[in-house]
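The structure appears right after this line, and notes come after that.
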Amino acid sequence: MDLVLDIASAVLLLTGGFFVFVGGFGVMRMPEFFTRMHAASLTDTGGAALILLGLMLQGGLTLVPLKLAAIFLFLFLTSPTASYALANAALLSGVKTACRNETGSPLPENQPDNATSRPATVSRAKASAGKTAAKKVSRKAAPAKPAKTAAKKAVKKAARKPAKKTAKKTARKKS
Amino acid sequence: MMTIVFSLFLLTMLVIVAVAILRTDNLFTAVMLSGIFSLIMAANFFILDAADVALTEAVIGAGISTVLFLSALALTAEHDRSPPVGTWVPLLTSSALGGVIIFATFQAPRLGDPNAIVHQHVAPWYLEKTPELIDVPNVVTAVLASFRGYDTLGEVFVVFIACIGVMSLLGRVRPRRESIEEDEFDKRTDNLRHHLIPRVVGKMLVPFIVLFGLYVQFHGDFGPGGGFQAGALIAAGVILYSLVEGGPRGRELVPEWFSSMLVALGAFTYASVGVASMAMGGRFLDYSVLSHDPIHGQHMGILIIEAGVGMTVAGVMITIFHAFSRRGIR
Amino acid sequence: MELLGLYNYFVFAVLLMIGLYCILARTNIIKSLIGLTIFQSAVFLLYISMDKIDGGTAPIIQEGVENQVFANPLPQVLILTAIVVGISTTALALAVTVRIKEAYGTIEEDKIQEMDREL
Amino acid sequence: MTLYDQLPALVVVVLLFTAPITYMLRLHGFPWFSATAAVVTSFLVACSLAATTITGETIIYEMGGWPAPYGIVLHIDALSALMAMLITGASSAALIFGFKSLADEVGEETAPAFFAAWLLCTAGLVGMVITGDAFNIFVFMEISSLSTYVLISAGPDRRALISTYRYIVMGTVGATFYLIGVGFLYMVTGTLNTADLAARVGQVEDIRLVLVAAGFVSVGLAIKAAIFPLHSWMPNAYTFAPNAVTVFIAAASTKVSLYVLMRVDYAIFQNSITNHDVQLTFFLVPLGVLALFAGSMLAIYEKNLKRLLAYSSVAQIGYIALGISMTSVAGLTGAIVHMFNHGLIKGGMFMAVACLALRYRTVNVANLAGAGKTMPWTMAAFVVGGLGLVGVPLTPGFISKWYLVLAALDEGWLGAMLVAVILISSLLAVIYVWKVIEVAYFAEPRANAVPVNGEAPLAMLIPTWIVVLTGIWIALDTSVTVGLASLAAKNLLGVAL
């Protein structure tokens, strides 16, 4: 009977170890913050859970598996919250994702003003900031009608500038 | 053999993190790395069979000291723009220091060799006599509380002075010059309020952390644990609550006067146990005179002083955290 | 092989060097304090690497387990005290740092020295 | 266990016990009163301990009832009793003297914290002096240093904060060096009790660790004792601390580290490291001579009166280091007596400076012009103290210099050189004392720097003059101080009594 237990816990421990390795490797390889966090949370959830399960099998019927279950429950509660808080703080402080969708253009939600999971108060402030930036852009573009390339450059610069400005403003307002 | 491999790996990690702390310019990263440094140090202690010390280092080194550094960072500038100054003199002195030590430790006993002098002289007496004289499973708690109780008394008063110092430095109402625009600082400490998820999960965890702290407090005689770890754990629970709920709510939960009184009460309890044993005819801190049967007296003495230590450490950590977080708000 | 046994002491020496260098070379007060904590943690490592015995376990005596080899409890007691001394000194130093920031407006030691020299 | 047997523990326990009480009861004026009561009782207990140890008897008190190498043991002989008397005496004098000057510097709100820290500073210093356990010295060293940081940071000037920060960093590095030294000693002998260490260090065969341990302990204690090259924290700490605090720490705190250096060097390393006395002379004599000259020169060019006295303390600590380096009974007696006498002289002078600061609101030497006329009694106390620094007969300074010169004479050519150094540095002391006297008595009083209402209050003058008169009294009747000191020197060197 304990041979089966040993084999099962060995398998669990190995896969857990593999998950941790992949997570660590992923953190190294991923291009920027959010994807890297995705890889790290892989270690937290998959790796830790499997290793704990493997150890529980080793523990037999003593108090040890109960304590390991308590640790598992604690981790099960805290690590998703931690990664949520981390992601939220990163998004608010204006960390931009460098990802592209298949067509190569920046992902729609990359634009700061229509960000998804933002509590109501913050997004209203952001929307107003976005509108003023847009008004400024149109005023600047209108008078320079003949130098179309200059306007296009201004628009592109303005688009980039407000993104940076609003990000900085929200960072100051938020942090 | 396995411990050598594990400790080899962990010690190298330790040095890498220490070098990273030295080289990074951003203070925020340096504080986070120092938290990781303490955690690896705690793992190292566990491998070297020091369970109590590993628990203390994890709670105090990784937990409380990171929180203190972060709250100090919130009140001061965050970036360390200055490059190292005149690197020759510090480099010379520190490498001379390191060289002397490495030169000396060639004659030191190897890790774990049983016939080192350290394991011959005083330690075996403790291991034999504890079941006989004090009858407490955890020998470290027996030595900490009874055989060398005078050291721990001094220790409790060191923590007591830290609380006095922080209160006298940061206690008074803030002077006219703000170190940082105060409304922005309010944002930082209170902005977690409308982060729904951390708030809900945090509030759910706080009771269990405090419960675990009390378990460690009274379990100190049987397994790794005791007054220091328990006090720091309870303080960690209260600090989590005031982080998640915002400073003012935290101060409502554990008011300022209560936590500083807790500190003075803890130190007073410890000293009065000593004086009580003097009054009962024994020497200072001699618990065996506290009750009819010496071993029962030892148990009672250790229990009371561990409670005193727990009260003091919890009170100090909470008072210091509130002193720092209150500093930002008028 | 026997050099491996001394690895703990070498790491202790290296950590002392890093801590002292960080205290002396860096002018930012909080960075020096982090250097101070590293400097103190190195000493904890020295004491605790003394208490290890081959095949020993944490010194908790369970009944019924015969001729159990235990690690040496004395350095652990000393280090429990030293850790709490370390955190108390750090807490006091951080409180002084906050007051220095309010009094001088900066926490760079060289700028503070200039401010004092003008007085 | 009569009360008489409990005395060794009581001298520390009284202070430790009242500290939380002072902090908890926040009645008006109560903190100062409870602190003074506790310190004065502790002073009386220390005097009774000195009375028992003067007969040559060493008191051993086992903490918690556990025998010597396993539990912690208090080891009180003539030297520790003398030092305990110095510490508690200086602390009670500074507290009684400081009632008015502390009232205006330490607000009502922080008074409980301040006086609890004062009690714990005294308890830490006394605890270091009477304990017989190497690690316990570290714990009480931390208690006294942390509370000294708190006391200094209570200073009104903003520069008190930056000097506290520097003192924290240097003090912690010093204490950690001492901890490393004790760690190596423990690694080599397996015990922490000083008497047990002394017995077992001799049989150690790998001598390298013992040498490195001696090095670390000496450097750590040199930082805490502000011996010359490692003294940079002291002048600012003394200058910007509240006046009453400077009186206490100038008289007692650096002497305790010198006491620990003496006890560690002579009790533990003397009979274990071969030709230890040559190494000690090689380590302490250059530092002492350097301290004498640099301290006096810095004092001569210093404008701030408190920093001037701090630099003169660096020079006087050089004398004590010289005394320790001469491994002879006369040399050690000279060092121990000078620790006690210098504590008295410097305490009295800092009290006079505090009176001047209270009235003139400044300690700049130039602004104190004409102080001799407006505050005659205070300046007279300062002048007597200054003569003590120079070592004029009839002052305590003369006694200690006499024993140092006696010891130096029988050290051959090195001794002759030391005698010359002692005489030259006494002349340098004349220069910087005269500089202050000249400004006080012969210069025209400045228009703007007129003191509020003349002489210092009586409540401050009486303690100052009590300290100055006790100085003169022990200069005349040296039975107590020199008696205890020579007894202690014989104990340390293991010479037959």
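Think of it as A, B, C and D in the order they're written, each chain with its own count starting at 1.
We take it that a residue touches a chain if its C-beta (ideal position, glycine included) is under 8 Å from a C-beta of that chain, and two chains touch if they have at least 3 such contacts.
Everything numeric in this text was worked out from a predicted model, so none of it was measured.
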Which number of steps is the smallest that gets you from subunit A over to subunit C via touching chains? 2
Result of counting contacting C-beta pairs for C-D and B-C, higher pair: B-C
CA centroids of subunit B and subunit C: separation to the nearest Å works out as 12
If you average the CA atoms of subunit C and of subunit D, how many Å lie between those two points? 28
Once you find the CA centre of subunit A and the CA centre of subunit B, what distance in Å lies between them? 33
For subunit C, which residues are shared contacts with two or more other chains? 16, 20, 23, 50, 74-75, 78, 81, 85, 88-89, 92, 96-97, 99, 103
Quick check on subunit B: which residues sit in contact with 2+ other chains? 101, 105-106, 108-109, 116, 118-119, 122-123, 126, 148, 151, 154-155, 158, 161-162, 165, 169
Where does subunit D touch two or more other chains at once, residue-wise? 135, 139, 142, 146, 149-150, 153, 180, 186-187, 192
One finds touching chains in the pairs A-B, B-C, B-D, C-D
Note: in the complex, subunit C contacts subunit D through residues 16, 20, 23, 29, 32, 36, 39-40, 43, 46-47, 50, 74-75, 78, 81-82, 85, 88-89, 92-93, 96-97, 99-100, 103-104, 109, 112, 116, 119
Quick check on the complex: what are the subunit B residues that touch subunit C? 3-4, 7-8, 11-12, 14-15, 18-19, 21-22, 27, 30-31, 34, 37-38, 41, 44-45, 48-53, 56-57, 60-61, 64-65, 68-69, 72-73, 75-77, 80, 82, 84-87, 89-91, 93-95, 97-98, 101-102, 105-106, 108-114, 116, 118-119, 122-123, 126-127, 130-131, 137-140, 142-144, 148, 151-152, 154-155, 158-159, 161-162, 165-166, 169-170, 174-175, 177-179, 222-224, 226, 228, 313, 316, 320, 323-324, 327
Could you list, by residue number, the parts of subunit D that touch subunit B in their complex? 1, 6, 9, 13, 16-17, 19-21, 23-24, 61-66, 69-72, 107, 109-110, 113-114, 116-117, 120, 123, 127, 133, 135-136, 139-140, 142-143, 146-147, 149-150, 153-154, 180, 184, 186-192, 200, 206, 208-209, 211-212, 215
Sites on subunit A touched by subunit B in the complex: 74, 77-78, 81, 84-85, 88, 119, 121, 172-175
Subunit D residues touching subunit C - in the complex, by the definition given at the top: 135, 139, 142, 146, 149-150, 153, 158-159, 161-162, 164-165, 168-169, 172-173, 176, 179-180, 183, 186-187, 192
